[in-house]
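Please go over the structures that come below.
Both of the next two complexes hold subunit A, though its partner changes from subunit B to subunit C.
The block that comes next holds the complex of A and B.
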């Protein structure tokens, strides 16, 4: 945090006249703590306590509407988890979902950022349009794509009328097509995130580097590979990491678009937990799943940062 | 943590220039060569056009169904009708949902912006014990799955007797949005030259007056960006509302939207009109914030 040293306000040399009550030095020392205290309080009560209580409940048998059955079960919930096929299925789905989403969002977002970073007439408008799905919620995405995917009202209906494909069944009702359909809907609103982040970083590439590369005879492709990509590396690592966590935890879209179906084909791990919480009120087992997910997520994140040598190159 | 600051932050740049997003396109000099027009089309306009179709058609589809009469198969919303809006607004309760969502989102915006300003200022301007730990904690919160906090948060709100109260949503949303908002805001504060504040303090202003008179006006882009993020995030939240509110009179737009999806009434007009109602505030906020978006991201998120 070397940055902070240089931006810290130095009190004026003379200093304000010392007040009678408290010395200015003490006030200055306490000020930052006072400023962050509301946030610390909020985070402690509504984030740290819940995390702690998840760990606590993970070791209990606790079904909300059967309070007479509450008991300490140790690792019993985790043992049950290992034998729960739905846990393994949902975990596998989550992995597949995160990899597909993040990879495609990154590739499309990178391409899009490069395109709208060029100069052309109507660029501001193009950017606004291309970025706009970023602000759309998961539930609204579902509404929109329901209209598009519905066999009676959707685009496939119109496409099949002009002879492209056939619109017999709903893509959301078919276990073979539902994954692709959900991935495309989520891509629609997910790509702008990468495009925005990468565009922000693209604008900090020093122009001189491109000039130097061009003098050295590098074409467009080579200057992209040797100038742009290395510059973007840390931003890409950070964006993919944040997005992976976010996509892993994201429930809204799948909950409303497919509700995990058909036949559990699109049940992600968080969705499974949310269903447990809402339907069976089995908070003990749900907490064990949450703890497991948290550990898996943390492990993968650390591994990813290690493997990508984040922040080490320059 | 230090790894995040891989690129030198340009602190000499004036803060009030969201123009960087549009003015300085990095252009390889080779691009303006003659005879590249054809390749420019293939490289630029064709993919952009295709992507625009992918982006815009879904929006258009929603508008189409919201505006044309039930049963019509026309690809243009003509003749125009507002009957579907009447249905969702009056009969399906969207008027109440809309009001609830507006209040919840505005209060979240207020809390998040205010606390983010306080904390962001502290992070940017003070060197204090525990600062790095606090920054690390803020980043770590990004790994906590909001959806998976449903169960314990439900218990806490039950203890506080806040289930079925809008405050549960406002508090939960603020908590989950504050960390990133604060990191973003500290980036914006850091971009305000510290000398301005020092000279105001030399002139006899206290720190608070120096902040209000000098720093705050220059922070307007940051406040707009952070506030808009908070508004959009809160407006879009679905699971917290679903979990913490039971009374339909208290429900929010996303939950209302889900009921239009869930009911097998196959009223696609209502489904689309509800979507438009949900989209309008967000689109308006997005229009305001979009020019700060790229700048905000580069100021705060990436270079923490």
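The block that comes next holds the complex of A and C.
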């Protein structure tokens, strides 16, 4: 048998469609549904049910240790939210946190990606070092930074010993410094995410574009602005969107590093929800806050994708 | 298609089997119930306490070969959440460690079995300290006995006896002496502070203990049902404590909880730390004879007012082995077991027979606390842990507010009024529903 005969896909036999027996036709019609049913089932169990449950509880007064007061309250929890100063404070903190984190992570991640995209001795080691914080869990990251910030054993202790600053300086205990300290800790973990994504996209920029730009007289800066950045646009839009959602929902680092303090200075909206659930056992109001956060995130995400024209051909 | 259906059915069957297996906390053996497993959740597990329980469980199993106790250690910071989840999913243990602070939540959810009749018929009847039993009943809103007390956990201020001696100081007898000693022992350049404030998790309860010890106010609510937290005498102590922040305490105290406070104490950075008898083993292990303790000083009028937090055991209503579970609780509260436990953790035994034991007579601060608790002039103030909103008010709301007081962003009077108003409202709500 010739090679072509063995590898060519044979076209379906021409002729009229099968008639008569319904069984095979029905099976064929149902087959796609049967094939996607496990996925639908998994989505229903792990996505629709939990989300539906949160929306359900958002409409209830449901405090775990006040079961006798469980009742449907309609939009009561949402009305209470409007007058809850801690909700507005935590929402404002979340917005500030997301903007600061995503912007700084993007800039530093882009810079690092550009550096490790160059050819130099020890590049593999440099790449490994740049990416390694991404492999560290949030709680472990917190532990590392708590040790670094510890007034008795951390960086500021050693600085005070050489005459820089005061002994016992606690950057996490001071409302003026705690935000910056938490931002730095989260940056350490978040920058590699941008660096990885941007580096992957950088490697797909056709060399010919740089050659053409060079022939047209463009230097490194102009090549970066007119070749590299436009090529990275979709990657940057996607990465900033994903990271914004993750940073908005960040609980682990803030919970373990500052627990929202001091005096609520680092209480993000999800952290406020976690405190309501863990200390107040108020799952009704907590669910309403979660639903509001979901709607806010959804709105911001859609708006961002529309404004950035993500995925559209230019 | 049919093979897909078969596979799906098999998977569902397996899932059902898994669900069935996880639906109970206890089990019997294949021999038809000859051997029973009782699940016990330790509410304050850790390297210092878990081995003590394991020893007691070994002793119990030797004496009761038909009962096996399955020990599950849960840390104190997580236990409320674990119990709530277990109640919601119907997977509570047979027996659990329960503090008075947890009682209201567990009884409101109807998770615990009443123990009044069991205790009345038990050989322990009449042997457990009356004021512990009274506290247990009050903490569950006076609805009965849902916790069998095992230990009293009085507040203590641990101090560095070696440093006090070197400075020519004795343990302070009044709050003013305490603050003066704290100032004397503070050397900021050397990163050494006389006192430490709990500004983080658990700050609310600790601050209220200090305030009532100072003020001599012995009721949490006055006759009209109004909270006494904002009594001017309580406010005065809160102001004095706030004035210590950064003057005689580390800056980090604003967000420090017990583990950080203890770490500072063990690292020679702070000379006095307010906690309770439950940390006896921790401080003794770390510092040996260098540490000693004194009870919260009385206020200007000399009245000793103490909160009376009690640890104990609860029998969960869902237990399928109530008789065996109660037998285990009785064993833990027997003279020998209760004495062994409290000797090793440094707390006040609930079993009064242990008061005659040699270790108790020589226990120092533990006996002092027990004696003061039972002294005729001592007044007990019962924190309103029976209120379902107590945790929300004293943790979610009060902790960040107290941090504002420490940072000078809120006055002590406004803080106390905020807590008092919330407690007054919660008490009125509770009364209207429970009479």
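The rule is simple: the second predicted complex is superposed on the first by the 265 of 314 C-alpha atoms of A that agree within 3 Å, B and C clash if a C-alpha of one lies under 4 Å from a C-alpha of the other, contacts with A are read in each partner's own complex, and residues count from 1 in each chain.
Here is the rule we go by: a contact is a pair of C-beta atoms (placed from the backbone, for glycine too) under 8 Å apart; a residue touches a chain by one contact, two chains touch by 3 or more.
Note that this is a predicted model, so its numbers are computed, not measured.
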item: Contacts of A:188 with subunit B and subunit C, given as first, second, both or neither; value: first
item: Contacts of A:278 with subunit B and subunit C, given as first, second, both or neither; value: both
item: Subunit B or subunit C, by number of subunit A residues touched; value: B
item: Contacts of A:245 with subunit B and subunit C, given as first, second, both or neither; value: first
item: Which of subunit B and subunit C A:124 touches, first, second, both or neither; value: first
item: Contacts of A:78 with subunit B and subunit C, given as first, second, both or neither; value: neither
item: Touching partner for A:68 - first (subunit B), second (subunit C), both, neither; value: second
item: On subunit A, the residue positions that both subunit B and subunit C contact, one per complex; value: 31, 152, 278
item: Residue ranges of subunit A touching subunit B (in the complex, touch as defined); value: 1-5, 7-12, 16, 29, 31-33, 35-36, 38-40, 42-43, 45-47, 49-51, 53-54, 57, 108, 111-112, 115-120, 123-124, 126-140, 142-148, 150, 152-153, 155, 158, 188, 196-197, 199-205, 207, 210-211, 213-214, 219-220, 223, 234-235, 238-239, 242, 245, 248-252, 255-256, 270, 273-274, 277-278, 283, 286-287, 290, 293-294, 297-298, 301, 310-312, 314
item: In the complex, subunit C residues that touch subunit A; value: 1, 4, 80-81, 84, 87-88, 104-105, 108-110, 188-191, 193, 199-201, 250-256, 264, 267, 269, 388-389, 391-392, 395-396, 399-401, 403-404, 406-407, 409, 433
item: Sites on subunit A touched by subunit C in the complex; value: 27, 31, 34, 63-69, 151-152, 157, 166-170, 172-175, 258-264, 267, 275-276, 278-282
item: Touching residues (chain side subunit B, partner subunit A) in the complex; value: 1-7, 9-11, 20-22, 24-31, 44-45, 47-48, 51-52, 54-59, 61-62, 65, 75, 115, 118-119, 121-128, 131-132, 134-135, 137, 141-156, 171-172, 174-176, 178-179, 182, 190, 194, 197-198, 201-202, 206-207, 232, 235-239, 242-243, 254, 257-258, 260-261, 266, 268, 271-272, 274-275, 278-279, 282-283, 285-287, 290, 293-295, 297-298, 301-302
